[in-house]
Amino acid sequence: MIKQLSQRLLGPVTLLLLALTFWLGLWVTPPDKVQGNLARLLYLHPAVAWVALYVSFGTATIASALYLWKRSRSLVMDRVAHCAMEVSTVFILLTLITGSIWGRPTWGVWWAWDARLTSTAILGVFTVAYLALRRANDDAELRARRSAVFAIIAAINVPIVHFSVDWWKTLHQGATVFTQDGNLLVHGIMLWTLFISLVAFTLLFFWLLRARYRLDVLRGERDQASLEEALVQRRREGVH
Amino acid sequence: MIRVAWLVAAKDLRIERRSRVLLWQVLPFGVMALLLSGLALGAAHAGHSNAAPGLYYLVMVLVALLMINRSQVIEGSPGTRASVATLGLDPAGVFLGKALALAVELWLTGVVLLAGAVLVLHTALGGTLSALPSVVVTLGALAAAGTLYGALSGGGQGPATLLPVLSLPAFAPLLIAGERSFSAALYGGALLQWWVISLVALVAYLAIGILLYGVLEES
Amino acid sequence: MIRVAWLVAAKDLRIERRSRVLLWQVLPFGVMALLLSGLALGAAHAGHSNAAPGLYYLVMVLVALLMINRSQVIEGSPGTRASVATLGLDPAGVFLGKALALAVELWLTGVVLLAGAVLVLHTALGGTLSALPSVVVTLGALAAAGTLYGALSGGGQGPATLLPVLSLPAFAPLLIAGERSFSAALYGGALLQWWVISLVALVAYLAIGILLYGVLEES
Amino acid sequence: MVALSDAVVLVGGFPLLSGVNLELSVTSLNVVTGANGAGKTSLLRLLGGLVTLTSGTGVVCGVDLRSGDLRELRRRVGWLGHEGSFYDDLSASENLTFAAKALARPTSEIAGVLDRVELSSRATTPAKQLSAGQRRRLGLAWLLLRRSELWLLDEPYASLDDEGRTFFDQLVGDVVKSGATVVVSAHDPLRSSALAPRTITLAGGLVVGDHL
Amino acid sequence: MVALSDAVVLVGGFPLLSGVNLELSVTSLNVVTGANGAGKTSLLRLLGGLVTLTSGTGVVCGVDLRSGDLRELRRRVGWLGHEGSFYDDLSASENLTFAAKALARPTSEIAGVLDRVELSSRATTPAKQLSAGQRRRLGLAWLLLRRSELWLLDEPYASLDDEGRTFFDQLVGDVVKSGATVVVSAHDPLRSSALAPRTITLAGGLVVGDHL
């Protein structure tokens, strides 16, 4: 009952929160002292990056780990991992795009050889490589196992992306919202907007994931139907 | 000769289109290699722009090595080669066809990675565009030379490690010519001269291939 | 596990020793790549020394890719794999053995190319020698990771292009860590920190391999 | 020894096996026949744990094909496929040494085994330079070292010469007598009249005939 | 058609053929037999111009094996080897289309040829997914398109099923009748009694027996 309701509500709530984010971000919050209206990317870029790095990559990693763990091994987990990784590819791309758009006016270039930027791009290649690996394997079981192992190895890179700003001390914004000692650097309505944007994009991820997963299930059903057909045809090969 | 060339090129490209190896494996590799070589130079060379043409061609040579290898591997096992040999295809045509298919693949990847160079290595858009003709010719020469070296290295039957060591010395002049004309297009200099060198290399490799490919085919 | 590891490593090294692929193909490729990448940067960066550690590791990664590919190809056709699978070798042992063989090959090549770096990239001899421990560990980590990725990419059965795109992103951190500690050894800086990162990576990859290699083996 | 019910094996959406029901008893000799593409090789691969069961159930050597440890199963079968089954770059005797060491068997057996398959004169030739029939013989030698419970032999007669086939028949007889189960796929009937195999006929990925 | 005298083929210092003397006439059916490793495959490869003659002399299809144009010779032979003879990544019909175009033959023949070897139902399956026997059949289809003067067939029976062997016998009969020369290596005698081949026995790279 609750599950059904929450599923029903996921879409509308996501849209509502996204709309709220845009309204707050574009009209309600004040422009930044230094960056002016550019600072409004604060409500887009960190949220997208957060989803890309932790929510979607995390989902894919956990699903892969669950697949590898003998007791929870099922192709459902494999499917979740695959869908999450696909959505992750999109979000990493969005992170790169929004970051580049932000970087052009602030740093003067679309791209800098900054540790976080580079490691994010590398993470993007990881997701593409994951998809390439899936394409290269026919056998469902083998594919599931190989891609699960690959996803786990790839996950090692997430902390590298996160800590890269501290380790290399380069261009990209360090921890801005929460500093090491727990002090808030952003206040009031801006903080709220930031927070809402995080929730909104997280929900957006789950919405997309569910849509993608459903598509996969539909495909699976269609495959099942064509499988019946293929079985009948194969059996008929015997009788001349 | 031309008929055979079309036939062979169509076959190679069909196999590539089907397997999507180019799109899913070689292209991401190229992007990654571009990122990595940028990184390897480290923050010390923050203004990478000067090194961009060199890095671009370095990556393209690596990409070319993978593609040449693949172009030979799809020719199949010794059994397949024996059968195809009995079709008596004109070797000049086979050479041209394989080189053409390889060139098409290299051009596609080359253009994508040029865009990558503009984005991440900050080459000027105008200059990059004006380097296009020289890139096309240089990559064409790489394709022709690569097809020859692919056959030389035992056509995918020998270990995959023979190709790199054989072909790298031959690619070095192409790499330099390409890099110089790309540099010239970006920062000014004698563009035409290097472009002509690439063109001469292209013609020379095509001529050698047409004349000698038959000699190389597996006996 | 250890017994199987020795057996497998001995087999791999025997095949390599017999075929001399390492000596005649991979090593010359490495030397040439070192020269070529020096060239590609052009006269503009005449004082290469600063870029030397990056170039060195870039070349070592390329060399490693060739060796990983070879390490999987010698496992043979699907028929051979099926037969060997029925021997029921402990997968952790197989992983360790193949990684060990690969590491030995990489170390040999690595040392030769270090000498090359001193000669052609003019790195200081003392600094280069003091980078040796970090080179050994980093190349070891490359070998462990490479063995995993080799098996992931279909064990030489898939197209040879899958391996580079799978493994390059994972090699990037290793490359950086190696480069930084080499740089530190040459020009001063926090050597130990990067060395520890390589060491952690080595241990992590060994652990993953021992735990998960069995899952990857062809079903 | 072997019990399959409604076994379906799918690869890339195509059913290699489309619902096999089969029981094989211990210490038996079984020949699988059927037209090209009927699914003989696929059946043998399934029994050897070299391919996964998509639906249906199966137990081989006491290992459940769906939930059991396939590696455990593989360890107990001997496999001779269409293609070579050894390292191409190692010589015949080096290949056998590797197998013997992997199985913790004394390497002193090797010379005898090579002699039995008449490869002594090619002991130091790299496997890839052997002729088609010699490769088959090396495959048999590899099996002789194994002494498995379940032997899976895919068209063992192919490329073997007359003498080789006689040797093979004799070998199979011995193996069955010593308590193993043998499954052979073949297009020709076995030649030795002393062997009385059960013959299973496949067609379209199904068992369509079965007689002793 | 074929005339070899003292033909020696050395590869890597090992004599695959150690002095073969052989004459084959046009429009004949010849079966080469011999123990494993006797040199059957090597003889066929020599006749097909796929390996070079080290010493002795040889003329095949009017082409001198030492000084002639081997490519010219290859163009005139049809070859069916132990291994597959087509592009693994292309489907059965794409493979035949490639061959037909290469030979400037109308592509309309292909459907008929596929039907003759009973591969119509696998026309769009990539060659690498075909079963062993189906690969053999595809090899035969490739040959049917060729219509060469000299057919060299290395153990064609291997992995073919009953029906396939019958088809093969019939095909060989037709081919010889239509004026071609056929050389088959085989361990089994041909099954069709209508064929009366000349049988050449090899041993140790030499011809040791020859009877009609």
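Letters A, B, C, D and E mark the chains in the order given here, with residues in each chain numbered from 1 onward.
The rule is short, and it goes like this: a contact is a pair of C-beta atoms (placed from the backbone, for glycine too) under 8 Å apart; a residue touches a chain by one contact, two chains touch by 3 or more.
What you are looking at is a predicted structure, and each value in this text was computed from that prediction instead of being measured.
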| item | value |
| --- | --- |
| Touching both chain B and chain C (chains) | A |
| Most remote chain, CA-based centroid, reference being chain E | A |
| Inter-chain pair with the most contacting C-beta pairs | B-C |
| Centroid distance [mean C-alpha coordinates] between chain D and chain A, Å | 47 |
| Gap in Å, rounded to a whole number, between the CA centres of chain B and chain A | 35 |
| Distance between the centres, which are taken as Cα means, of chain E and chain D, whole angstrom | 29 |
| Rounded Å distance, chain A centre to chain C centre (Cα mean) | 31 |
| Sequence positions of chain A contacting 2 or more other chains | 122, 125, 128-129, 132, 136, 139, 141, 237 |
| Multi-partner residues of chain E (each touching 2 or more other chains) | 82 |
| Residue numbers of chain C (touch at least two other chains) | 19, 159, 162, 165, 168-169, 172, 219 |
| Chain pairs that touch, as defined at the top of this document | A-B, A-C, A-D, B-C, B-E, C-D, D-E |
| Interface residues, chain C side, partner chain A - complex | 148, 152-154, 158-159, 162, 165-166, 168-170, 172-173, 204, 208, 212, 215-216, 218-219 |
| Contact set on chain E toward chain D in their complex | 12, 14, 34-37, 41, 82, 122, 129-134, 136-137, 155, 158-165, 187-188 |
| Chain E - residues contacting chain B, complex | 45, 48, 50-52, 70-72, 74-90, 94, 98-99, 101-103, 139, 142, 146, 148 |
| Contacting residues of chain A [partner chain D, same complex] | 138-141, 223, 226-227, 230-231, 234-239 |
| Parts of chain D lying in touch with chain A, wherever the complex brings them together | 8, 10-15, 18-19, 37-38, 51-52, 202-206, 208 |
